[in-house]
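In the two complexes that follow, chain A is the common piece, with chain B as its partner first and chain C second.
Moving on to the complex of A and B:
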């Protein structure tokens, strides 16, 4: 079912793989020929991601015309009557939207890097641009993957790229260690994902996302038709229980990559990478990959109310938990890092609460305003000669007007102030959580946590803005900032406009109030391949997962969260406005210590790793030393001994050989003859 | 379980339509070319017997002959001669059969012969009787291609002797070298004994069936026979004859001595091409004449091959692990590989015949390149006169890095690591063994492969990680030997991604035997 309405496959779909291949080409060019180019590979990257952006827009337009695409393009292994491993392209409203987001952010990050890396005279630029190219390639291919196996492959590539880029400045102490941490922590989650992929293959014999033979459809048939469930092997568990287990296994990878509690610890450390990389990781690539994966296979998660509830609860908890830590941070990038964790928590909350569209909406708006904020922070860091402590800044508003106003737009979006993008999407997530939560206490708790986090978000966002841009300059550097060039301002302006207006595409409260058909994203996601659209997910949630929504006006919920956000912002204003703001964090006392130390998350995880990890390592070492090595040594000493015996047979005397040969033949004759009964 | 996965979906396999009718001689072009080249060498040598001045002409002629034969075989294979719906071509009343398997193995023989001849150009420099050397190689290759096409037990015997007799002389080629002459004599004596057993086996089979043609025997046996004991002894003695040619235990005793004593290019030729020739004729005789469907109930020869495979791979690998000399280690490893290939015959009773036999054929193809290359590297070492033991190879990587990279590729590919086609072919054999339920053989294959990694990696360790002895110095980089070693390494490596090109041909050729 590659084509819905068009009789021939649209040409845009034929060239769609080039969306990913272009950045791959720029990776190769930057890696091998980057040093010969004037901008060390940047131009190749800009061109490639620009091309990807145009192609993605073209694909999006084609999808808007009602055509979808789901084709295998390369088969790795195919075994009849078992399963096959292949790469394919799945283009539907969700992936088309995400392709545009990823390629746009990636394009802007490339442009920004010209200002952040090239103009600052950084070294190792070909390596840097090669990493960016590979990163974009991996993420784009991940987005249009048509099956879980391909997703896993590119999921891992994304992880590898993050390791390469976070550790870009490998000569310093912190970046390599942060890169290792990011790699290892996400890998811990990916183990579960890998087991999940294998289990999906073992259960369904396929891992494709779309089509009548895809695993979400098979799972759905097993649950709804009843009869079909007997054909699937569910390893002794009930079908729904087993699907929940599968969902949890895959969720392991999601929690690692999307930095959800308790695997979020890598993300703040990952700030050691260059700031444009942080923008790319947080807005469009690595962290988004986890949430996108859940959205991609939402038809599967919608079958398991348990998995959904866990997703929602983890999301809501993470949103609050991370927001509280962002409150006390001094480093501007740290604040943004925790806000990322918190915002992805909202997306998980949305997905878990049955708000598929809301979560995708927030994924989209967040991609724009978080990219904006990171690039804005990057501009500030350029201006401050690579100092990141907000207490050394202040008063940058006059000197950096473009940066200030765009950053402010991003902050308003992040805090969720009407009418900026984040307001609409975050509000819809919370609304979905609330209406479904009124019938499910667990969801309601998740909703309440998300709601409280709104207050914190408003507070830390405006604390950041006020400390950075307002008041009197607190250091010499802040009084004489380095003014950024066009290549820094251009991405900021583009993203600033988007962060301001993109929320208008899906104004649910307004639609509710006025009755206008202006929920464009809802319409967009309602279409798509059969079984792969929000309408179908809604049915599944009701019939299989048993979700029911209470009747409630979105206006009320919107007003509540807006009031909280304004409250947070107002508190920040009252504390940190003025020319010389005080440090109020000390007044928090022990709570501050706790927050500054991130609830001792790192400490306890290191403790777990050292206690259990080392214990297990020691045990397996002993097993390896005594049993495995023992067996190997035993085999080799036996074989060397018997090898020596065999050597002795080889006497060098031909008549011995002839005797042995004849005896051997006789022995063979006897054995075969006796079993064959010739001599009877 | 289909081994030849559709990894290369764009590759449609050989053309499977009915081949156009062609003259007998066209189908036999590779055989005729090889024989003709041998005669041309004879003419050159009688006109101008001075070997020293003739070296390029002799080696060139021989190489051109084998390359042409190789090209002819590839063209015939690609054109689908003797394959597909038309079935095999039966020539001269069924005495010779040209089909996919015959052509596939002709490709192996001619490729190995080409590599060996190119390498011999340097190895034989300043030696006498060069014309005779090349002639013997070509005649042996002719015999092998005839073995691949033999359609009756009579042609089997004659072509086997045609391949063997030149081999005896080739092993003893270094007339003033004690080891070479002794090895040649031992080879000849064991060969004579084996031939006697083989001929006796043929006569017993003839006694039981009254036929010599392979198809005719199969037809006769399909009705059952009263003379089960006679037939059974005959079948096993025939198997013994093949076991000699393939250097399988207990008919392997000649192999270590012969491979070690012979000039290294000859060892390469014998251990790769001659072994493959023994296998192709065994495949054909046992698959066609004693087809498992017809005789397995009374004469369970798969059990015999099961035992031979198990014993051969175990003894070959265990003995190889204790050797001090590289060439002797390779000789025993060659015995071990014969054991792996024998799995293809041992598993011929479980309804997966085309696949398991195809896997063995693929392994012989890959083996033809990696093992030839390894022996030719030894020839290179002999050319440099640096000694024969593992220690003598220490630090060679510093002096001849390219050749040592090639040798490392051979070693790892022989061990079954994925740096060469050996990984895939061994994997196919393993899949075949598991798929047919021969778990013991599969386990033995794995254990022996693990053991083989030990002694193969010893070579690699010597080449790269040990410090060279002070006296280590090599004089010159002989062009012919280098070209052959590197060519073999490149093909070994390319057979890793390109294995599916060969596997489709091999499995369809093997399946055609049972059609």
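Moving on to the complex of A and C:
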């Protein structure tokens, strides 16, 4: 394989596992020795993630040079006849890009934590930094995983870390409960993912992502060549139907982790965790994992138009659904939580609509501007002495200029205002959905939902900005905020700059209008291991999934979504820009109650869990008590009874034993004699 | 020369007498004597076959068995002494405390 040959020359790839191992080391150090360090493990974390960032950049440069890497590094179980379970490293443009994003955000979150946790005198800091280290480790290893099994392992580890970190303040009531909810809801999705992994192994005998023996390639051959499909066990279904089923099973895990409808309910509750953790979860690790998984195995999803349509529809619906709830929230972190759900909905819409590059682009820009917004919200929360209600804020603009301008940059990016990052990426997602939607009504509906969500996004984003930073201070705390230090401002400035300029890497409408070759991300993702690049995915979408794109200028779509975003922002401005804004959302009446209660999603899920869950649990309990325990107890009481009877032959009298011995010997002799034929 | 069958009949008879003694007697000393009878029945067998085949190995074995029987008697007498000390009798049916 030419890939493997090329890789031997690149030393960067040899040390690539260290990208994940460094945060693991910081986890160990923080856990066992954190309390002896001056910053309680923070320095180890900052150093480790900083090292990961440098290594990731090096890997990215090497990948940019045209070298790719796909190697097994550790075999867990190997069976020569069927399949093997191994850990490996897959470095191609997609994973290299994601490694940089994750390690950068993780690094900045570590720095920010110095201000948010250490300077605020929080307790349990070694545990906190250990959690951050393990979280970064799991996500980085998940990103360079070369097979679905390894992905699953680290997917689960990511979930575990989110449980640890969301429940960091375990002495209070809400965080442990939120942590349990996050863990259980995502586990529910992961259950399907687990079945999916096993089914992939059962079908293809392998779960590797790349190479000629990988499962997307085998699936593609089965569908295009026809003949090869007979070798795969598809459990009596047609090959494409079965691949769709597999896609849905894995999608279960994606929907849980990426907080898509209906498994999104854990994410707003996860706001109970420390704010830097929220930034990490939302921007780079946990929630991104789901979308990244779909992008990673896009060659497989591109084979199933049904799975793609469902992804697009769920994404579009989630984008609108979550955005509508963000409109009425009072808590600044809640607004951001729903915006995250909504933005990941856009990514799913992009993936489902065939816009692989667009979705990865939005994943990248969102990572930066959402990390920025959460860290900005964290800075505001520090300033407000840990109050999060936006109605208690106001007028923070003069006191916190750095926070304000960076937060504003993030908000403009989130709302999708030109030329900030979110505009370019969201616009491209919507453009892809539109051009493919013109030939497919389901995609068109998904596109329309995404388009309406743009308006909501503009509105709630600027409602948040205006309520937090503009107008007159509404409380005493807001008049005398606690000013944050350098360790808060530094990450904000870095991310603020990125959120402003990162969109310029892929300006599709401008490229279209001027004819310049400036779609750098498109070029970046077109390269890569054979069968694992956007060019190949495009072919698959056309030939296998039957997607066709309508001819349409991206300028038109861009103008439309920009107008909507500006409309939403303008509405927010007209309603909330005064010195003493009214609570306009109260006038929505019943609709507001419905939105404040999140469409009663939690209630109906609790109802389902209680009705069906308790029913099943009761049945299982009865089965356990009567049949399982009955069998065990029956065996024991029969033994006890018969033992009590049989022990009577133990008289303690030697003569009886001698008699039995003799009789036994005689009987044995008789049996041996009869069967041996002595008496014949 | 006496045919080997007669030796075997003799040894079988002695063995059965010993076995009968073990199964019926209650006195521990009779036990010990009966065991001696059974061992010596085996000895007769060994010597008889050794004589029959002109091979001395059997006779050597019988010497070993005699020595073993002597040792066994020493142990047995010791046990009987302890039995008497604990139960005031050498009746084996009285010593029944070593059960469930």
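A few notes on this one:
One rule holds for everything that comes next: the second predicted complex is superposed on the first by the 626 of 680 C-alpha atoms of A that agree within 3 Å, B and C clash if a C-alpha of one lies under 4 Å from a C-alpha of the other, contacts with A are read in each partner's own complex, and residues count from 1 in each chain.
The criterion applied here is as follows: a residue touches a chain if its C-beta (ideal position, glycine included) is under 8 Å from a C-beta of that chain, and two chains touch if they have at least 3 such contacts.
Because the structure is a prediction, the values reported are computed rather than measured.
Of the two partner chains placed by superposition, only chain B is touched by A:671; chain C is not. By the document's definition of touching, of the two partners only chain B reaches A:77; chain C does not. Touching more residues of chain A than its counterpart among chain B and chain C is B.
Once the two complexes are laid over each other on the shared chain, residue contacts for A:652 go to chain B and to chain C alike.
Of the two partner chains placed by superposition, A:553 touches none, neither chain B nor chain C.
On chain A, the surface touched by chain B in one complex and the surface touched by chain C in the other have residues 647, 650, 652, 654, 658, 662 in common.
By the touch criterion given at the top, residues 1-2, 5-7, 9, 185-186, 189-190, 193-194, 197, 228-229, 232-233, 236-237, 240, 249-251, 253-254, 256-257, 298-301, 303-304, 307-308, 315, 317-322, 447, 451, 454 of chain B touch chain A in their complex. Against chain A, the residues of chain C that register as touching in their complex are 19, 22-26, 31, 92-93, 95-100. Residue ranges on chain A touching chain C, taken from their complex, read 647, 650-655, 658-659, 662. Those residues of chain A that touch chain B in the shared complex are 75-80, 635-636, 639-640, 642-644, 646-647, 650, 652, 654, 657-658, 660-665, 668-669, 671-673, 675-676, 678-679.
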